[in-house]
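Lettered A, B and C in written order, each chain numbered from 1.
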Amino acid sequence: MAAIVDSGRRRAGKAGSYLWLAAAVAVMVLPLVWMILASFKERDEIYTVPAQWLPASFDLSNYAAALAAVPFGNFFLNSVITTVIGAGIKMALGLTTAYAVVFLEFPFKKFIFGLTVFALLVPQQIVIIPNYTLIAELGWINTYQGIIVPGLASAFGTFLFRQHFLTLPVSILEAAALDGASHWTRLWRFIVPISAPTMSAVALVSIVSEWNEYLWPLLVVDRADMMTLPLGLTLLQNNDGVTNWGVLMAGTVLVTAPVLAVFFALQRRIVSGLTAGAVTG
Amino acid sequence: MSVVPATNLNRRRLLQLAALLGGTATLAACGGPAVGGSGETAQAGATDWAGITPAKEITWWSNHPGASKAVEEELIKRFQAAEGIKVNLVTAGANYDEVAQKFQAASGANNIPDLVIASDVWWFRYMINGQILPLDGLAKHLEFNTDDFNKTLFDDYNFSGNHWAVPYARSTPLFYYNKKVWQAAGLPDRAPKSWDEFDQWAPKIAASAGVVPLGLGKGTSWAAWWFCNILWGRGGAYSKDWTMTLDTPEAIEAAKYVQKLIFEDKTAAVTAKDQVADFGAGLTGCTLASTGSLSGILKAAQFEVGTGFLPEGPKGQACPTGGTGLAIPAKKSPEQQLAAAKFLKFLTNTENTAYFSSNTGYMPVRTSARDGATMAQVYAKTPQFRTAVDQLQTTRVQDWGRVFVPGGDKELTTALEKIMLQQADPSSSFATASSAIEKSFEQNVKSYL
Amino acid sequence: MSTMVENRRQMGITAPPPPLRRRRRWPWKSWLLFLLFAGPNVALLIVFTYKPLLQSLYYSTLQWNIGSATARQVGLGNYIDWFTDPTTAHVVMVTVVFTIATVGGGMVLGLALAVLLNRRLRGRGAARTVVVAPYVLSGVAVGLLWLFVFDPNFGICAALLRAVGLASPDWYNDPQWALLMVIVVYLWKNVGYVALVYLAALQTVPADLLEAAALDGATPFHAFRRIVLPLLGPTTFFLAVTTLLSSLQSFDIIQAMTQGGPLEGTTTMMYQIYQEGFQTGRAGYSSAVATILFVVLLLVTFVQMKYVEKRVHY
């Protein structure tokens, strides 16, 4: 008797779960669909009440207009360059710093680690005015180094790598030390290969944040050909005229689609990477 | 035993930290502004232009007002052909505010342009920061005919006996109406002459066409701009010189009139985002929008669009000007400045003024351009444009409290939005804005004058 | 964490120690080695984080228009101005509401989603991917696309509400609705990450523990509260810290959607720092607000850590 009630309840619960799951997926997907539909609509199809759901035709005139108005090719290239270099160096810095803090003998290493992690608490906006002045004095406005260098230091990565290093089996390193491997070799030959999950976690967080960075590039870049994608997108917002949602949404699709494509292609790895980092913490 | 590594500091480590921070503190003191003394603006007549050779290449920061990038590029091409000076056109932002933010933050001389967009609410701040050059000396040297500029538009940039910019993409608010709606309501094919007449017409519009008669705009650089029309038309003003005058009965009456339209008569509504889009979609019967939006509106609307002067108030016609001028940064070398001035002269000569104006919908800023053949063709093709140009005669210079005090426009916008969206008490909303603007004046302007 | 370090040290298994003899002969070598490994990162932190932090502290005592070459010392004037300004209470309120809603709401929704995704449902793998997807998108793009979703006249939200006979709230003009709007968008973008982290933690909860509880007659809800939630403690702490930091720094979405408006209804302290510094141009005042926010951030984090230390350790 009890079992029957229980399974009935479970089945109802299961149906409810599916309902909730469907609702969650719908909330996540609908805005993206709306964006894509709008990117194909003519101006008068957008500015109508009641709203028109489907565009009359899937022609690409809004995309053509967006591509003609701003150099999307440059934006894309700049985003790739700043992200690859920025996230790459950031990872390396995180690895070496964490290695130093965990495996090297040094009198102030706890202090150094504290200094590194404490930086997580310093919001970007607080240091932006002095940093801007410095970058301008260095003549780094409109350069890749100007976009990349101020955000290069690794705090979060160092933290995660340290947490991970502390859990590594000691036998591996002892073997390496007996082999007479230098610290440099020990890091890159022995530790890095067995740290893949943490590495991909840190890489992901760095890549996502570099790719989407907005405020800093907004300040240090003023030439359209040096802009990154999020920055370039805002150039499509018209002023002293009519906001053209169709063109703006076409631009938004151009910015989001590549990221979504990469995300869905690599989703298994990305998802496990994101959590690997978090759970170690 | 703590979770936080950083809390494991003992006394010795704290001392190390202190020493380290102390070291950086000395570093911190350098860079940034020099302390002490009051600000200085660039002085006129400091350079003898006769002995200067113009530079071969200059940079121009623009936001391409009214989607004018192609027009600007064409003008640059013509200039290069005529003078052999190269102009790098830089998109420094999507709107005036973004360009201004970037220009203000650009402290290093190597990073500032030779020519920059200076909108009506920004150029004054450039001036008090000492960032731009007074242009009268240069204009004289280059025999730059400034008398031909529309006087209101040119004198907008006049302060302490100097002109600090020249008019470029200048606009005024304009009354736009939907002719289909007008017909349905049985109204004559023209804009209402006065707000009183609008009050008589509005119920007919609401009744017959089923639309909101008037759509009002909101947001910075906009709400406090069109409100000039109602405020001035009732004899009020934001300020007189540096004194705020929003506590006068005229100013309160003006705000109450807008509230009456929105909350009592329900003949006007504040737009959700963009009053121009609402009007173009046929949601409102008429609206106040910039002349710079003219070509956009004509393109977007599925109906015939009429234009007219802004309605008069009891104290007569009142229309502000807006948009942007161009200024030359003070910190550049005289060679760069001279080259920039030559370009400025070229850009605003009769022919090019007409070219820019006819392709964007901005005002022809020169009288000779306004009356020239190019514009005559435009008027013939787009009669709506003629109204905008004619209205220019009735404009007046903006109140300093709005355009010269940092944050002035923003404070006024906040007050007006409270009044229009939340039916807030006009006198207390205005009082809050006034005291904030007065304080900003004390802090940011007074010591620099 | 330090417990672990202590233990390892006692067991003599911290890093393979270099032979003592060598270390004594060349103490500079360990310095050099450390410098090589940690130096660049520390140098970058000092130049681009700690030095500017102090500079900002110094700027907060100045009356300085950004872009101007000169400034005036005003001591604590900017701080006094902020604490006496009539808009400050409002800005603090907006910041508190935004932070609590995004951090707290994010954790509750994220946990709920994680529990849902942890059930054996068909398609949960795909659902998990979809839920996390917005997290990798640019805040500007997300802000812009949602702005069009919420458009009270032409957006999908208004269309859906109209279909059931409701009028769209005035998302753009009403300060409260606007704040709700940016909170919703922030959650949409970030909740997937929280859900993912919770999901990973949930999957480490031993199933036999729950079975045992069920045998003891515990309802699923009861078991969840008594067994699962405590086990999620460290994860919750991790998320609380990281989401608080990112919530307090959020800028892109507000900038793309509301620019702090309407009527400053979405002006958080972080947005105020940007607005005062770069729009109004009051760099000194902006630095003062930044310093205040930084101090608050430190205090909140400190309290969080103290609290968690108690909960997690004892």
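Worth pointing out:
Just so it is clear, a residue touches a chain if its C-beta (ideal position, glycine included) is under 8 Å from a C-beta of that chain, and two chains touch if they have at least 3 such contacts.
For reference, the UniProt names are A = Carbohydrate ABC transporter permease; B = ABC transporter substrate-binding protein.
Since the structure is predicted, the reported quantities are computational estimates derived from the model, not experimental observations.
At the far end from chain C, in terms of centres built from Cα atoms, lies B. Comparing chain pairs B-C and A-B, the larger number of C-beta contacts belongs to B-C. If you average the CA atoms of chain A and of chain C, the two centres end up 15 Å from each other.
One simple way to say how far apart two chains are is to compare their mean CA positions; for chain A and chain B this gives 37 Å.
Residue positions of chain B touching 2 or more other chains, listed in rising order: 5, 8, 28, 31-32, 105-107, 273, 277, 281, 283.
For chain C, residues that reach two or more other chains under the stated contact definition are 1, 50-52, 55, 59, 66, 151, 153-154, 278. Residues of chain A in contact with at least two other chains: 47-49, 115, 129-130, 134, 219, 234.
Touching chain B in their complex are the following residues of chain A: 43-44, 47-49, 69-70, 108, 110-111, 113-115, 117-118, 129-130, 132-134, 136-137, 139, 141, 219, 222-224, 234-243.
Residues 1-3, 46, 50-52, 54-55, 57-59, 62-73, 86, 151-154, 170-174, 261-264, 278-282, 305, 308-309, 312-313 of chain C are the ones that touch chain B when the two sit in their complex. Across the interface of their complex, chain C is touched by residues 14, 17-18, 20-21, 24-25, 27-32, 34-35, 38, 46-51, 53, 93-94, 96-97, 99-106, 109, 112, 115-116, 119-131, 134, 149-155, 158, 163, 166, 170, 173-174, 176-177, 183, 208, 211-212, 214-215, 219, 229-231, 233-234, 245, 248-249, 252, 255-256, 259-260, 263-264, 267, 270-271, 274-276, 278-279, 281 of chain A. Residues 1, 4-5, 8, 13-18, 23, 30-31, 33-34, 36-38, 40-42, 44-45, 47-53, 55-56, 59, 66, 113, 116-117, 119, 121, 123-124, 127-141, 144-146, 148-149, 151, 153-156, 158-159, 162, 188, 192-193, 196-197, 199-201, 204, 235, 238-239, 245, 248-249, 251-252, 255-256, 270, 273-274, 277-278, 283, 286-287, 290-291, 293-294, 297-298, 301 of chain C touch chain A in their complex. Across the complex, chain B meets chain C through its residues 1-5, 7-8, 20-21, 24-25, 27-29, 31-40, 97, 101, 103-107, 125-126, 128-131, 218-219, 270, 272-273, 277-278, 281, 283, 406-407, 410, 414, 417-418, 421-422, 432, 440, 443-444, 447-448.
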